[in-house]
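What follows is a structure written as structure tokens; I'll ask about it next.
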Amino acid sequence: MEIGLNHYLVLSTLLFAIGLIGVMRRKNLLLLFFATEILLNSVNIAFAAISHYYGDLTGQLFVFFVIAIAASEVAVGLGLLIVWHKRHGNIDLDHMSTMKG
Amino acid sequence: MELYLYLALFSPLVGSLFAGLFGASPRTKIAGVVPSLLLLLSFVSSTVLLIYILSGGEKVHVEMMTWMATGDLYIPFGFVVDQVSVTMMMVVTLVSTVVHFYSIGYMDHDKGFNRFFSYLSAFVFSMMILIMSDNFAGLFIGWEGVGLCSWLLIGFWYHKESATWAANEAFIMNRIADLGMLIGIFLVYWNTGSLQYDHVFATVGALDKEVLTWMGIFLFIGAMGKSAQFPLHTWLADAMEGPTPVSALIHAATMVTAGVYLVVRANPLYDLIPNVGLFIASLGAFVALFAASMALVNRDMKRIIAYSTLSQLGYMFVAAGLGAYWVALFHLMAHAFFKALLFLGAGNVMHAMHNELDPFKMGGLRKVMKGTFIMMTLASVALAGIYPFAGFFSKDLILEVGFVEHHYIIYTVLLFTAGLTAFYSFRLVALIFHGEERYKLFGIHPHEAYKFMLVAMSPLLLLAIIAGSFKMTYFEMVTAVLPATEYHVHSTIAYWIMTIGTQLFVILAIAFAYKKYANNKVKVPDGTSKMENRLCYKILSNQYYIPYIYEEYLVKPYRELSTVFWKQVDMKVVDATVDGIAGIIYAGGEKTRVMQSGNLSTMLKWMVAGTIGLLSFAVVFGLAVRYSGEIKTILSGLGV
Amino acid sequence: MIEPVNVSLASLNLMTLAPMLIPIVGALLILVIDIFKVGLDKTLYVSISLLFLLMDFSALLGSAGVFTQDGIMMGVFNVMLIDGLAILSQFIIVGASMLFIPLALTHKRFHEFSYPEFFALFLFMIAGFQFMVATDNLILVFVGLETSSLALYTLVAMHNRDKSFEAAVKYFTMGALAAGFFSFGAMVFYALTGSVEINQIAAVLAANKYVDIGYVLVGVVFMLASFGFKLSLVPFHTWAPDVYEGASASMAGFMSIVPKIAAFVVAMRLFEFLIHSGVAWLEVVLYTFVIVTMTAANIWALVQTDVKRMLAYSSVSHAGFVMAAILIGTTQSNSALFLYWILFSFTNLGSFSMLWISRQKHLPEHQRSDHTYDKFAGMVQTSPIAASIMGLFMLSLAGVPPFALFWGKLYLVSSAVTGGYTVLAFIMVLNSAIAGYYYLKLIVYMFMKEPIMGNDGHIYVANATIALKTIIGIAAIGTIFAFVTLNPLLELITAFVYNSGY
Amino acid sequence: MLNHILSILIFFPALAAMLGFIIHKDSIRAYGVAIAAIEFSLSLWLWFSFDSSASGMQFMEHLPLVPAFGINYILGVDGISLFIIILASFFTMIGIASLTDTKNEKNMIVTLLFLQMTMAGVFAALDGIVFYIFWELSLVPMLYIIGAWGGPLRIYASVKFFLYTFAGSLVMLVGMLFVAYFYYQATGTWSFAILDWYRLILPESFQLWLFAAFFIGFAIKVPMFPFHTWLPYAHGQAPTIGSVILAAILLKMGTYAFIRFSLPMFPDASVFFMFPIAVLAIIMVIYTAMVAYAQEDVKQVVAYSSVSHMGIIILGTFALNVEGITGSIFLMIAHGVVSGALFLLVGVIYDRRHTKMMNEFGGLAHVMPRYATIFGLMLMASVGMPLTINFVGEFLSLLGFYKQSHILTLLAGTAIIVGAIYMLAAYKKMFFGEVTNEKNKNLPDVSKRELLALIPLSIITIWLGIYPKPILAPINNSVESIVQLMHDKSITNEAKTRIPNLVKGAEIAKTSEQGAH
Amino acid sequence: MFEAIAFYLFAFLTTVMFFIAVTTTQALHALTALAAGMIFISAFFFILGADFLGAIQIVVYSGAVMALYAFGMMFFDTTRDVKEKNGNKYIVFGLSILAAVLVVVIFAAPMVTNNIVALHPMIEGAGNTQELGMVLFTKYLVPFEVAAVMLLVAMVSGIVLAGKKMDLSLTLMSDAEIIDAKKEQHKKVL
């Protein structure tokens, strides 16, 4: 049973879908950020797999940059959460709907 | 001669403007005298022109300036004085001069004295344009102009609801006819390429019969309105709300005859379409009888005379329709004299009776108003057509025309109408001047009119008596332009039988009228007498219920439909659609703005949902492309 | 074994980096200054930023000159791509930024401007956008995008009030999701073609004759979702109104222009070749996007009670309008996109600046949000000139000639007509008509209603300084006299776009 | 200076308006009157220097605006536009002169001067886009006039006015872009110049679509049934001066545009749509006349009467022959004068009583005889009495259309009946009868300032009714060239026969003459 | 064979871990599951021969990012049960499953693409890290530097946002309050 590129792609998609579930159902912002990490990670697997099967390094480079981006996002995201938490004492997004319409 | 033409034409205008200057100022005699004198000038000029024409002069034709010119259309202000128009000019200027002078007295106490003369002279001016114009467009100017003046004058006492109502009715009814006229003019233009009479009548011969028929019909529709022919006749009786001199001038002598003038003027056209002519004649005969019948029972002095006018107009149309244009014109002239006289007399009576119009409330006035009595009686005699008064010559001639042209039904109708005419005319005279002095019951103290008013009326009296003697002179003159058919009953015996028979019939009718109404037993009817409750009386006194029908089935529905159009259609359909579209868009915004709930989770869901939506579409599309071959096979297998 | 690499410096074409490096240097300079001396006034930083932006602008002029002579330039291992699109969009980015920066010099003090970091982040963000547009490598696009986005989230939050935090968090979270979509999309393209460079992708796909259309579509879907977020296409637009409301008015105006033009350029690079290869699916989808975005945003804007939110929806609608250019995909439409956006930036920045100078710190009781319509009632009576200028911007946004945006609409609709999208053209103009209503609503409030009790008109200019007035003046002049510069502008844009192969 | 007189006519009032901002509000009226008078004399000068015998464009100005996209600033007048420009400046002048107490007078006058700019611009523009600019721009001052000085529903009315017209003209804009594109395809260069467009011969199917697109824009402006419902609101709510200019000039933009754009550019489509449009026009005439009859507010009567008259103008335009088109252009001017005057008259009574409901009045002829007289004169002009200005136009329009259809003309001709009905009814309600309302007993008659506006209008009404030639002749020349152009351009046989060939007709006449000799 | 077993094993493990991470109500469980998932992912990298990525995956994600999150969690005090109102679970799962199914439908199909030319082919005999370094510092030098800028931005942002200066909002203070606050600050400094 040969593991082909498609296997990895399907896996990546499934993980991406799990990430989407998290994005949609998490109300706690911190946990919601977890889900976005899952999204990026799932893509990373696919990139690495493609890179592997095509014998091309670009995919791995992409992963490299994605990881960097994910790290930066964490920094900014946590920064935002901290300010919000300082003011409101929670990080629940249901409390965050003063603007609408 | 051009100078006289311009004098005749424009002096009424000057008079009108002069009086108009005083329009807002209080009553001044001068505002009445100057226009009257100017009209006299116009009359004199017309006379000069008449003499010139009579002495065999060429017709006077001037083109003052261009009015409208565009494309191939060229309409000048052109005026022509020929045998026909000069006759009309004479009639118009004479009657209006008389009426003007008369009005100085009649309107003496009226607040709108100045205004009145302004309108009246303006009317004369319009009438002059109507008859002197050398083209249809000019005719139409006059046509509408007299309509306007008629509106102003009928509604002269604008504080009276009935007067303004009648004015509007007259104007609108005339407008209906004017539309026909306008269409007629369009037809003329597009078929002959011009509106000038000489050019048009020179070319009509070459046109299709059908086109000519339509032309004739539409022009005649115009004539029907102005001359108040059935079914556009109701306005004339209502127009009696205006001051009596107005009725005399406009609604008896001049304006209402414009229709006849039009048909006479367009004789080359109508000669080519005898069918239409016959229709005109038949309608004329019908109106003659129809109007006379309504006059029989009416209880309004002026209305009776108005119906009489209507009836006589019917006579004229019979003549014109049967091609006896000169006869029609002759009767027009004669009628103008005695009918104006009659009206002015009625005006005197009204003045005396403090605007009381019901002849049943008068009686025995001959004692206090001798002059008026004589004049009105003579005018009635002329109207009835007793020899040797004017009416005899003109009216009997029309009967003869009917007989000679073998339209016996028309002849019979007209003959019968002649009897009716005599009856109602003398019913009126008898009720007013004879019998018991019923007016005393109402506490009125009648008095004779000013002397000079009677003097002013006298030319008309004279002409009502002697006009008949001009018949041959007139005939020779007009036939230069009109078909010179002489109408003679071939058998002399038949002629005498007819003439004498008619005279006897008329005299009998007069006698009957006197017998019935000139005695002391006449009472003011109170709606209880047996006769008043008869069906035919009711029909007649309600004018065959025509005004009622118009009101119920035309005016009211129009008003209601208008309201429906406004409130239901315009507001609730057209406008509501526009607002509805806006409303739907706006409501769409209100309804869907909940999508923006402000909750981040919802927002994320929307994003994901959008992506998924796109994905599903992509998958469907991708699969379709990938399996396009298979899909095609399946579809073809299914027979698509 | 790995061979040593020999690269000649000349072949790197380092000049292509100059415009991006300038703001980075500026930002670093600001950070350094701040290290040495704390508490310097914001005017200093505004001037420095402006100076560096100016240098950036002149560097761009240089690039433009080179481009007109030599055509498209690649640089630094062919990662940098300086073509007409890149130059034009950078002009817009830098130009709009130059208009934005002086808005920091408000009369009242606002939190963000007390940070030197604000200006540093701002310049970093500009550099990020510049990188984003000046490459066709999806990696650099992604990195540039994230650089600028992260800075932007922070800038929004630095306004330092509850609403701006909320806005920043919403923006950030959705941005993170969009980043996920972007990487997924890039992954699909990479899987398909083994490349992350758009030109290369296009070439490979064309060589394969799009056999894997399903894969392509999946990639396109995720890219669309990602750029849909950035361009605020419905239904990915939901952040826009909230973020605009939460951010300061000036920042909202900035956001309505600069990030979007960057995204437009990338979208143009990415979708144009797909459209031209006859991917009917994409055409249908973009068509739907354009129509839905225009219409839905319009009808939502209709029902807003706050001017800023209305302008937010209006910006969404405008983005949809301009998206049509990408759908049409002709040289004329792509030129129209830039023309439209240049004119739009003047007008929209102007109108947001007008809101900015009327910004209150403490709202009276009857006023629910910062810029309710009521607030502007009867403005013409108390400050007629301000009202006239605001009215001018509204008319321009509505597309009333001869004001700036009319010409953009004209040219864009014309490109729809020329491109054969007749129905689209009609839908576009009808949407302009709907949009007329909400712009008019503000005019109605300003000119035809009576002021609310106790409004002496001071609030409309409470925040005004010479700098702000100058910016508004520039915007107003640009809006009114756009037609003067239209011809050279149009010729320039068309030449640039055409020579870039679009 | 004469070379640039059109530009001066357009931009002088605008510049003056800008300066107007700095003038003290007590002196603004004098300033406004002076500017408007100068503007009017400039327009008269234009008339005097106008060569009436020439049919083409005169005083052309040409300035490239966006040459890359074929947009140029091209101006010019011919007989068709000349008089509407004069009329516009005239109405601005008397409008300002007769302005009664208005709050924010300064804003009003400045707005009016801006409006004057846009009006002059619309009629002088010979470039599609320039035309469109002024066309749209004219909405803005009118929006402000209605919205700021109007009645209780003023905001609804003004917004409705603006959006409705705006939406329509946007559709028209798409049409223009199409034409420009077709021109581009045909010649390889972009051009929005109307005179260039005239040279473009389009296939019939394109013509139909383009005609429809232009039609929506124009029809809303005119306004044609069923797009007319903004008008009663606009008129009902607008202040007097707004109604006057709206009725006198702004509505004419639509009908003018039909003649300037639709007819010469799409002759075949014009013929194709002639009957449907004629039917719409007839509905306008009769239906709105009936609606007018049902009104309770005298201003609404006049407003609906405008729609009714515009129906005749449309009908004349689509007669597609010289008589009809000349008539319709003349009627535009005539209707401008008359309806303008009528709105002024309504304004007079509104100023006194602050109501326009007819049942509030009655017997005014007693109290205000001069007012009643002038009103009566204008009423008669409105119902098309010969020797007043309206008749010439109505007569020619109907005459022209009669060539195309007898029945429809007959139906349209009912205008003279239904028009009389509502007008007379309204006049009767207001002026006749006894003075019943106590408030009306002591109303002052027309004041001098009001006469200042009304007398000239009355004089024009009669003068041009009697002697329309000075206006008719230049119009005729220009119309002849347009009709000839239409005939030459038309493709279908239907159009060739419907649109007369003036040249050929003349030739035949010549040859037959020679034959006769 | 070994590869297949490894793939399925780790696929199963990551899926489960991530699933737990998005569904559990225990924040701590979520964090742990996420960290575990990340580490399992690095296993894929090793399988696929991307050793360098595997290393930084563990270092950056499991080390840095997870540490940050753990810190955040303590700061926000979310170590206890997380109460989340989830009104419409079906939408969430429906959408996600639909997404997965849709993509899988396409991805399960074989790619027919055959024109792929490796732009940066793997080099025989060089270590993964070396290879990457080669490409990163030539071709991807600019993105690398930009990424550095990005990290700087993130750092500055983090500092600014989490900094004390954000506690007082000049935006919300009137001018007078700002002056007062300044004086206060001076005192503290002195």
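Order as written gives the chain letters A, B, C, D and E; numbering starts at 1 within each chain.
One rule holds for everything that comes next: a contact is a pair of C-beta atoms (placed from the backbone, for glycine too) under 8 Å apart; a residue touches a chain by one contact, two chains touch by 3 or more.
Being a predicted model, the structure only gives us computed values, none of them experimental.
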Contact-graph separation of subunit D and subunit E, given in steps at minimum: 2
Number of steps on the shortest touching-chain route linking subunit B and subunit E: 1
Two chains sharing the most C-beta contacts: A-E
Relative to subunit B, chain with the most remote C-alpha centre: E
Chain centroid nearest the full-protein CA centroid: D
Identity of the chain that, by mean CA position, is farthest from subunit D: E
Separation of mean Cα positions, subunit D and subunit A [Å, integer]: 65
For subunit A paired with subunit B, centre-to-centre distance based on mean C-alpha positions, whole Å: 94
Centre distance in Å when subunit A and subunit E are each reduced to the mean of their C-alpha atoms: 5
Distance from the mean Cα position of subunit D to that of subunit B, given in whole angstrom: 35
For subunit E, residues that touch 2 or more chains besides their own: 91-92, 95-96, 99, 103, 106-107, 109, 111, 116, 118-119, 131, 140, 143, 147, 150, 153-154, 157, 159-161, 166
Residues of subunit C whose C-beta touches two or more other chains: 139, 143, 146, 150, 153-154, 157, 169-170, 173, 177, 191, 194-195, 214, 217-218, 241-242, 303, 437
Residue numbers of subunit B (touch at least two other chains): 582, 593, 596, 598, 600, 604-605, 608-609, 611, 615, 618-619, 622-623, 626
Chains touching one another, given as label pairs in label order: A-B, A-C, A-E, B-C, B-D, B-E, C-D, C-E
Footprint of subunit D on subunit C - complex, ascending: 380, 395, 398-402, 406-407, 410-411, 413-414, 417-418, 422, 425-426, 429-430, 432-433, 436-437, 440-441, 443-444, 447-449, 483, 486-487, 490-491, 494
Contact footprint of subunit E on subunit B as seen in their complex: 605, 608-609, 611-612, 615-616, 618-619, 622-623, 626
In the complex with subunit C, residue positions of subunit A that touch it: 5, 9, 12, 16, 19, 23, 29, 32-33, 36, 39-40, 43, 46-47, 50, 54, 56, 58-59, 61-62, 65-66, 68-69, 72-73, 76-77, 79-81, 83-84, 87-88, 93, 96-101
Interfacial residue positions of subunit B with respect to subunit D in the complex: 23-24, 65-73, 137, 140-141, 144-145, 148, 151, 155, 158-159, 161, 164-165, 168, 171-172, 175-176, 178-179, 182-183, 185-187, 189-190, 558-559, 561-563, 565-567, 569-570, 574-575, 577-578, 582
Touch list for subunit C against partner subunit B, complex: 169-170, 173-174, 177-178, 181, 213-214, 217-218, 220-222, 224-225, 228-229, 235-236, 238-239, 241-242, 281, 285, 296, 299-303, 434, 437
